[in-house]
Amino acid sequence: MAHLPILPILLPLITGALLLLPPFQNTMPRQRLLALVSAFIQVIVAWTLLNTANTEGTQLYVLGDWQPPFGIVLVADRISTLLVLLTTVLFAGALLYSCAGHDKGGQYFHPLFMFQVMGVNGAFLTGDAFNLFVFFEVLLIASYALLIHGGGKQKTQSALHYVILNLVGSSLFLFGLGILYGTLGSLNIADMAMRIRELEGGEAILAKVGGLLLLLVFGLKAALLPLHFWLPKTYSSASAPVAALFAIMTKVGVYSILRIHTLIFGAEAGELANIAIPWLWPLGLLTLAIGSIGVIASPGLKLMTANLVVVSAGTLLTAIALQSEKATGAALYYILHSTLITGAMFLLADLIARQRGKAEDRLVKARAMAQPRLLGVAFVLCALAIVGMPPLSGFVGKILLMQAAEETMDKIWLWPLILIGGLLSLVALSRAGTTIFWRTTALAGTEERVHPFEFAGVFILIMASPLMVMFGGELTDITSQAARQLFDFSQSVEALVPQTTQGGQ
Amino acid sequence: MLSWAIAAVAVLICAALMMNLWRLIIGPSVQDRILALDTMYINSIALIVLYGIHTGTSMYFEAALMIAMLGFVSTSALCKYLLRGDIIE
Amino acid sequence: MEGIYAFCVGLLTACGIFLALRGRTFPVVVGLTLLSYAVNLFLFASGRLKINAAAVLGQSEQYADPLPQALVLTAIVIGFAMTAFVVILAMRGRADLGNDHVDGRLPDIQARQRNRTLRK
Amino acid sequence: MKPSRLFPMPIHSILLFAVWLLLNNTLAPGHILLGGFLAIAIPRLVAGLSTEQPSVKKPGLALRYCLLVLWDILTANFEVAVKVAGPMKKIRPGMVAVPLDIKSELGITLFASTISLTPGTVSAEISEDKRWLYVHALDVENEHALIQEVKQRYEAPLKEILGC
Amino acid sequence: MNNLIWIPLLPLLGTLVPLFASRFSRSACAFLTAGLPALALILVLQNASSIFDGEALYTVYNWIPVIGLELAFRLDGLSLLFALLILGIGLLVILYARYYLSAQDSIGRFYSYLILFMFAMLGVVMSDNLLQMWMFWELTSISSFLLISFWGHKTEARKGARMALTITGAGGLALLAGILLIGEVVGSYNLYEVLNSGDVIRDHVLYPVILVLVLAGAFTKSAQFPFHFWLPHAMAAPTPVSSYLHSATMVKAGIFLMARLYPVLSGTELWFLIVSLTGLATLLLGAYVALFKHDLKGLLAYSTVSHLGLITLLLGMGTELAAVAAIFHIINHATFKASLFMAAGIIDHESGSRDMRQLNGLWKYMPHTATLAMVAASSMAGIPLLNGFLSKEMFFAETLHQDSLGSLSWMVPVLATLGGVFSVAYSTRFIHDVFFNGEPINLPKTPHEPPRYMKVPVEILVALCLLVGIFPSLVIGDLLYAASGAALNGIPPEYSLAIWHGFNLPLLMSFLALAGGLTVYYNRKELFQFQAQFPDNDPKLVFEAVVQLIQRQAETFMQLVENGSLQRYAYMMLSMSFAMMAGPLLDLNATAGLRPELPVDAISVTGVILLTLGAVATVVWHRERMKALVSLSIVGLIVSLMFAKFSAPDLALTQLSVEVVTVILLMLALFFLPQQTPKESSPRRVVRDLGLSAMIGGVIGTICYALMTRPLDSISTFFVENSKTGGGGTNVVNVILVDFRGFDTLGEITVLGIAALGIFKLIARMRLYMPASDENGRPWTLDSHPMMLAIVSQSLLPLALLVSAYIFLRGHNMPGGGFIAGLITAVAIIQQYIAHGVDWVKPRMKVDYQVLIGSGIFIATLTGLGSWLFDRPFLTSWFDYFSLPLIGKFELASAMMFDLGVYLTVIGATMLILANLGKLTTSERPVVSETD
Amino acid sequence: MASWVEIIVACFLLLGGIFMFVGSLGLVRLPDLYTRLHGPTKATTLGIAGILLASSIMFSIKNGGLSVHEWLITLFLLITAPVTANMLAKTALHHDVKMLSRSRGHELMEPARHRYGPEGASENTKSGTESNNSKLP
């Protein structure tokens, strides 16, 4: 399958377009069927792609047959394919969940969901800086539209913040791209990484500004302090499957930092080597801290989960700031873990909220749930994974990250924050769990029960966690190899641009 | 001769544009401002065509045509707004 | 020429940002529009300025850098889509929240004033 | 020139065909063919969106009318230019109400447009019953003379052309 | 290959058994539940003989090598000892719990948690890898949380469980850090290697850190002072849990850890100081407080704290004999304390109360139970012939044989004896106050003996106390020897396990403790009164206050930081962007580069003036929105002209067409939003914002200038060279859009389509505020569709469509293309809406805009897919020239098809937005009365 | 290019330029909105026509073919300019923008505003000649 690398983008795109056309246009059952079948195929495709990238090496897809650096290329290496697989699995879970009726909260749910996935996959796969912008916009506009799915004042209000901040962010993105094109004269990321080594003087300084602006933009997506303020409210107000899918979006920011600031502004960039670190390291740590504080301060389960997303973002950004193969490998594992589990938690919070009547997800005394057993087990599993308690995946991620901090100074900052952050999450989640499941009034619970589709969705996402531990050896093998590939300049850059065109004409 | 005329006309049109701007700023009524904007559209058409003559390409003709077409839509929409508030009703 | 071009870009940026920092949705939208003008001009300028050099083969001796133009075109379209969305979102905000403040609630100063008058 | 299935808007078709050739600055056979196709296709596309089709009863008169208007535009322009450049105190602006004999909406529109296009007068408003056209003139000596002039010079031929 | 893996694995499988077995009778459930652990116990016993022979068994599987985690189990003396305790007492607890739990309690869930805990605990003691040990360590915290909070409807249970989890969880995290450091120092987490790297670790600069972190884990788990307070509150758990976790197993995990790492961490001054002093303090505090607890389980809990302190003290002394004594006491304490808890549970179960002020004279009602409890309590007090006596004697002896406190070393035996005194006192209270001391007071139930089999576990344990107490070396000798050897990582020292060592100092200390204890108990009234003077500063309250304080502070902080003000968030973001841009620019020596600049001309100056004034007017007038909109239009116009001027006709066209649609949208916004902005920004904020925006504008302008004046070597020449030959078009920009970078365009139209869908969502169910009059209170005119506008717009439509066809067709070779053409078409249609209204247009134009979007994207994608047929990558273009008679030479290109997709999407998207909005406003328009 | 062509083109250009200028001058100088409406909508017709004609001639000669697409712009402007003027006048009437006091036909403003016939003016306003006492909404 020579065209495999583009399928994760084309499949959702075509499905999305088909969903807008007859005969799918106006019938929900058909839309669901098509969406689910497509999601299933996407998971298989992503899995195959990962295997291909893992065994046969990086797959380069040259769009329009225009060789790099002139045309747009897709780079299906271990990292990108791993994240594509992650996206599709998360998507499949959220989609299953939504088919229980959440997709009826407004028009166009399924096409938008598809387009969102297309944007995310595109952002992961593309090897072109401007194309990255385009896919950012695809995923953003889809997320704007999905955010308001289901309606309600809160959604509108948080959407206003989210959209306006991101519009400013997109402007800054273009400023940054303009500067980089204006100094490097190329848009192919690998080519840019080659060209940046020759910059000096004024051009180098300008390119640095461009690089930092991109860092800001990715930081905004990745919820880096002080750019993260939009996140808690936005994620907590979104409808459950949407919030679950959103769990991947901060990771797109993180991934972009990996791509741009580890490849272009990486160790090989001469004067411009590692320009992101002085910002990323302290701010990442602070993000981790403020996220943990937010977790403790959250009055409801959804907001708490959103703050847990901030924590995971801070953790990841800090890991990337370590700029080492080991740390990046750790970050990759942690991305997989945190995305799936926070996604599951958003879904679960919704199930819980629905069975608690008016109290919803707030941590107050409320009526008992109709299915406390089922939800309780799921909650415990989710909470354990998030907090980083064994035997679920969180602890592997945590240990990987802590081990990656090799310098003493790094340890002194990172370890306490990770550990105390974990403890705060533990305190908060145990309080949440005991309150939600046990502080109940005598009033009869709602009749609301978990729909089989909902169960299936949550089940898929939660089960990923123990599987990630069980097959931790194989998985960490892939993540560390992926990180090694990223840090190997000859593999991640030189191999992607034909030698004859290096450095322009 | 021609280049001289082009320069002179350019100055005339620029002066016209500045006068439009003046009217747009001082008003006093909204209609005055819209009128000034509409005139500005027409002056821009002239400027583009003049620029085309100056550079000897007809590359910019479509831009002038578009201003002629779209300026009207814009002006009539502004007026409709003043009359009815809702422009698409 | 480059100097005054850069001045325009800077000015549009400044105006756009100032308006984007306002508290009501309409000025914010207008500010974002101005900002997107600035962005487009900036991105365009990354290919350097050239006069009478449209990148249409056979129409001139030298050609302006076509790539940033193509990028700006994409950016304009995307910017349009985004502006359209935010405009309607602002309307939705007014409809749902009852006011046109970006935070969906009137600022504290007014709320405090109202409280004060209520207390009296 | 009656609307038919092939030409739901015959005048438009001719106009479009001409405009296509104008746009392309050419009389090349390929463009004539393409222009012809578009001149047929586009009216068929938009036929639903049109109400009243102009039916020109006297094409010759129409052509003469156009030339007359163009000439009037040219001459009046100079007059107005002089007034605009001259002292403002001299101008005597005013609003007049022109009674309308022409009935069709298209006719009224064409009449009002003509008045607006010729310098010195602007069609400001049409009464709801379509019997009055309010015209603002830049320099009015005699309202009745003005009204009579526009009616004779433009309304009468238009009525004849459109046959209403 | 040995069968070690099955020892923890059987209980793991066993966790599922009760969930299925709970549908049967309770006895059956208990029986089935006990099956797999019993099997595990048999496996352990099977291996015991080889352990006693001095062997240790290992098994290891690869797991996650990257982090050093392996699936590694060992069975040596120490783990054998603990495994026996865990499985043996565990089985007894299963039997006991069968009778203890009431019919309402979900016995299946309880057993499941219990076995899960058993599995975790077995994992801890059998781990041969420190990371794996930590894993199980945390699992014990989790499963104990589930057990303590088993009665979650009780506030006490929830809080107690949470506290236990928090404290042990925190300790667990510290332990993790410690283990990771050990791993770093040793280079492996394998226990074998770690245990043999004692010197490396002790000499390492990080040793103090490691020690403190590991001990933090151990102390929290084993309820050492000052972390002891969670244990009494964990008594909210059902009593079987207490007798299992809080006497025999979980609290011993910390002790186990210290014993496990004894060869690595002990033997230093620091170890001695921390461990022994903590142990001593815990011993005294626990023993003292236990006396004053009226709750039966509270007394036992503090007694446990005290005994754990005793063991810790022993381990802290650093002598090998002390270590042996510690291990011996682990066994003894487990047996007598577990039986005591069970007895307390029976009393509670049969009398309905645990309060010793109500419980009196139970001897009469339950003599059998009373006997058992009294024997166990005697063991706890250290009465001869019982196992408690033996280890306590060893303890006293060891306190005499240490000199680590220098000249103050004499205090240790004295304080130990004092601890013994209180130990005797509370044991006496347990016996006397409950079984004698008059008649019961207000008991909820009339007490009686429990069911026969409920007493069996107690009987077995008490029998063990007696057996060990009387025939120590016979019963326990081998096990103790093996365990001590394992703990010391070598051969244990000489010791004798005899009942009688002659009259010596330890014996004297025992007698002193006994006599003193009885005296104290006799005079308890005075002591109670004395204690009553002190305020009851429960550490639990302190703990909860601290947690609540943290939470409140966190809430306040978050409200302060995340105050929900977009203006603040945007300001922060922009400030950061300024810092990021301005910082590097400080190093830029010369703003201007070497590239020659273009000359300035009059038209440009005019343009700049117009743009400047337009932009400034927009800002100045931003509160009068209509004016702002008009001046914004100038800016848009000038920007388009700038594009035209600087050789970008396509951009000019696009900007112009987008501009109109934007203005129309903004006018819609103007109608539905308030038409004026109140003045609410404080002057300070205005100045602040102005400052920031001016600075960012300045920086952007500077960068722009610096860029433009520097030469650029870009990839663009490729596009110019290949546009015609490779892309088949002379308009390079268009060829880039539809061919070289067609993928961007595909994304772009998708964005547009999505935006339209999103806007459609926004519009749906929107309740609009529709002003019936304009900003000056003037009602709208009734002439909704002015005639001239309507007539003229109608005839403009075909013209506009023709122009859009023209723009579309020429796009590939001249400025134009699908996008611009699409917008022209859309604008022309919008003009019809403006001129005629929705009600007029709707029945006349039956186009489904959604289908238009879908098919647009679909066509563009299919065009791209077409290249697959020729075995080329997605979006590979194709073009060719044809020649027909009459028409002449013309070009056909796949790019045209792609552009058609763009065209359709643009129309669909624009119209979906505007037409639907229009439809909505019309349907919701309030009826305007004509009175005005 | 032949010099006489240059001269013709220059003449048309200048003609157009002057009228463009005069149109905008009128916009600035004329005393009230209604008179200002005349400036641009008029002078620009000829002004723009002049310039477009110049362009048409020049490119026809220069490229050796017919360059007539400029006429299309004129066509558009001729069609749309009256509507623009009409719409602006309508809004001015609707907003009750006053005519210059010395203008004639003040009595027609009220009927025009309400789109009555001129006889309707006497029915609706007590004294049609007074323009100063207009009713505030």
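Per-chain numbering from 1; labels A, B, C, D, E and F assigned in written order.
Heads up, the rule we're going with is that contacts are C-beta pairs under 8 Å (C-beta built on N, C-alpha and C of every residue); 3 or more make two chains touch, one makes a residue touch a chain.
Chain by chain, the UniProt names read as follows: A = Monovalent cation/H+ antiporter subunit D; B = K+/H+ antiporter subunit F; C = Na+/H+ antiporter subunit C; D = Na+/H+ antiporter subunit E; E = Monovalent cation/H+ antiporter subunit A; F = Na+/H+ antiporter subunit G.
For clarity, every value in this text was computed on a predicted model and none was experimentally measured.
Trainee: If we look at chain A and chain D (Na+/H+ antiporter subunit E), which chains touch each of them?
Mentor: The common neighbours are E.
Trainee: Report which of A-E and E-F is connected by more C-beta pairs in contact.
Mentor: When E-F is set beside A-E, the one with more contacts is A-E.
Trainee: Taking mean CA positions as centres, which chain lies farthest from chain A?
Mentor: D
Trainee: Which integer distance in Å separates the CA centroid of chain B (K+/H+ antiporter subunit F) from that of chain F (Na+/H+ antiporter subunit G)?
Mentor: Spacing between the chain centres: roughly 13 Å.
Trainee: Measure off the straight-line distance from the CA centroid of chain A to the CA centroid of chain C (Na+/H+ antiporter subunit C), and report it in whole Å.
Mentor: 28
Trainee: Distance-wise, how many Å sit between the C-alpha centres of chain A and chain B (K+/H+ antiporter subunit F), to the nearest whole number?
Mentor: 48
Trainee: CA centre of chain B (K+/H+ antiporter subunit F) versus CA centre of chain C (Na+/H+ antiporter subunit C): separation in Å?
Mentor: 23
Trainee: Please set out, as single numbers or ranges, the residues of chain E touching at least two other chains.
Mentor: 564, 566, 570, 574, 629, 645, 649, 668, 670, 700, 707-708, 712, 714-716, 719, 740-741, 744, 748, 751, 754-755, 758, 762, 781, 783, 786, 788-789, 792-793, 795-796, 799, 803, 814-815, 917 - these are the residues of chain E that touch more than one other chain.
Trainee: Touching two or more other chains, which residues of chain B (K+/H+ antiporter subunit F) qualify?
Mentor: As it turns out, chain B (K+/H+ antiporter subunit F) has residues touching two or more other chains at 17, 30, 34, 59, 65, 69, 72, 76, 80, 82-83.
Trainee: Could you list which residues of chain C (Na+/H+ antiporter subunit C) touch at least two other chains?
Mentor: 16, 20, 25, 38, 40, 42, 45-48, 52, 54, 56, 59-60, 67, 71, 74, 78-79, 81-82, 85, 89-90, 92, 96, 102-103
Trainee: Of all possible chain pairs, which ones touch?
Mentor: Result of the pairwise touch check is A-C, A-E, B-C, B-E, B-F, C-E, D-E, D-F, E-F.
Trainee: Would you mind writing out the residues of chain A in touch with chain E in their complex?
Mentor: 2-3, 6, 10, 13-14, 16-22, 25, 61-66, 69-72, 106-108, 111-112, 115, 118, 122, 130-131, 134-135, 137-138, 141-142, 144-145, 148-149, 151, 160-161, 164-165, 168-169, 172, 175, 178-179, 181-183, 185-188, 191, 202-203, 205-206, 208-209, 212-213, 215-216, 220, 226-227, 229-230, 232-233, 279, 290, 293-294, 296-297, 299, 329, 380, 384, 389-391, 395-396, 398-400, 402-403, 415, 419-420, 422-423, 426-427, 430-431, 434-435, 437-440, 469, 472-473, 476-477, 480, 504-505
Trainee: Please name which positions on chain F (Na+/H+ antiporter subunit G) make contact with chain B (K+/H+ antiporter subunit F) in the complex.
Mentor: Touch list, chain F (Na+/H+ antiporter subunit G) to chain B (K+/H+ antiporter subunit F): 1, 3, 6-7, 9-11, 13-14, 16-18, 20-21, 23-25, 27-28, 33, 36-37, 39-40, 44, 47-48, 51-52, 54-55, 58-59, 62, 67, 69-70, 72-73, 76-77, 80, 83-84, 87-88, 90-92, 94-95, 97.
Trainee: Considering the complex alone, what residue numbers of chain E touch chain C (Na+/H+ antiporter subunit C)?
Mentor: Listed in rising order, the residues of chain E that touch chain C (Na+/H+ antiporter subunit C) are 564-567, 570-571, 574, 595, 597-601, 604-605, 608, 611-612, 615-616, 618-619, 622-623, 625, 628-629, 632, 635-636, 639, 642-643, 645-651, 654-655, 658, 661-662, 665-666, 668-670, 672-674, 677-678, 680-682, 689-690, 692-694, 696-702, 704-705, 707-709, 712, 714-716, 719-720, 723-724, 730-733, 736-737, 740-741, 744-745, 748-749, 751-752, 754-756, 758-759, 762-763, 766-769, 813-815, 819, 909, 913, 917.
Trainee: Okay, in this complex, where on chain E does chain F (Na+/H+ antiporter subunit G) touch?
Mentor: Its residues touching chain F (Na+/H+ antiporter subunit G) are 773, 776-779, 781, 783, 786, 788-789, 792-793, 795-796, 799, 932.
Trainee: Sort out for me which residues of chain E touch chain B (K+/H+ antiporter subunit F) in the complex.
Mentor: Interface residues on chain E, with respect to chain B (K+/H+ antiporter subunit F): 602-603, 606, 609-610, 613-614, 617, 626-627, 629-631, 633-634, 637, 640-641, 644-645, 649, 652-653, 656-657, 659-660, 663-664, 667-668, 670-671, 770-771, 774, 780-781, 783-784, 786, 789, 793, 796, 800, 803, 807, 814-816, 820, 824, 827, 830-831, 833-835, 837-838, 914-915, 917-918, 921-922, 925.
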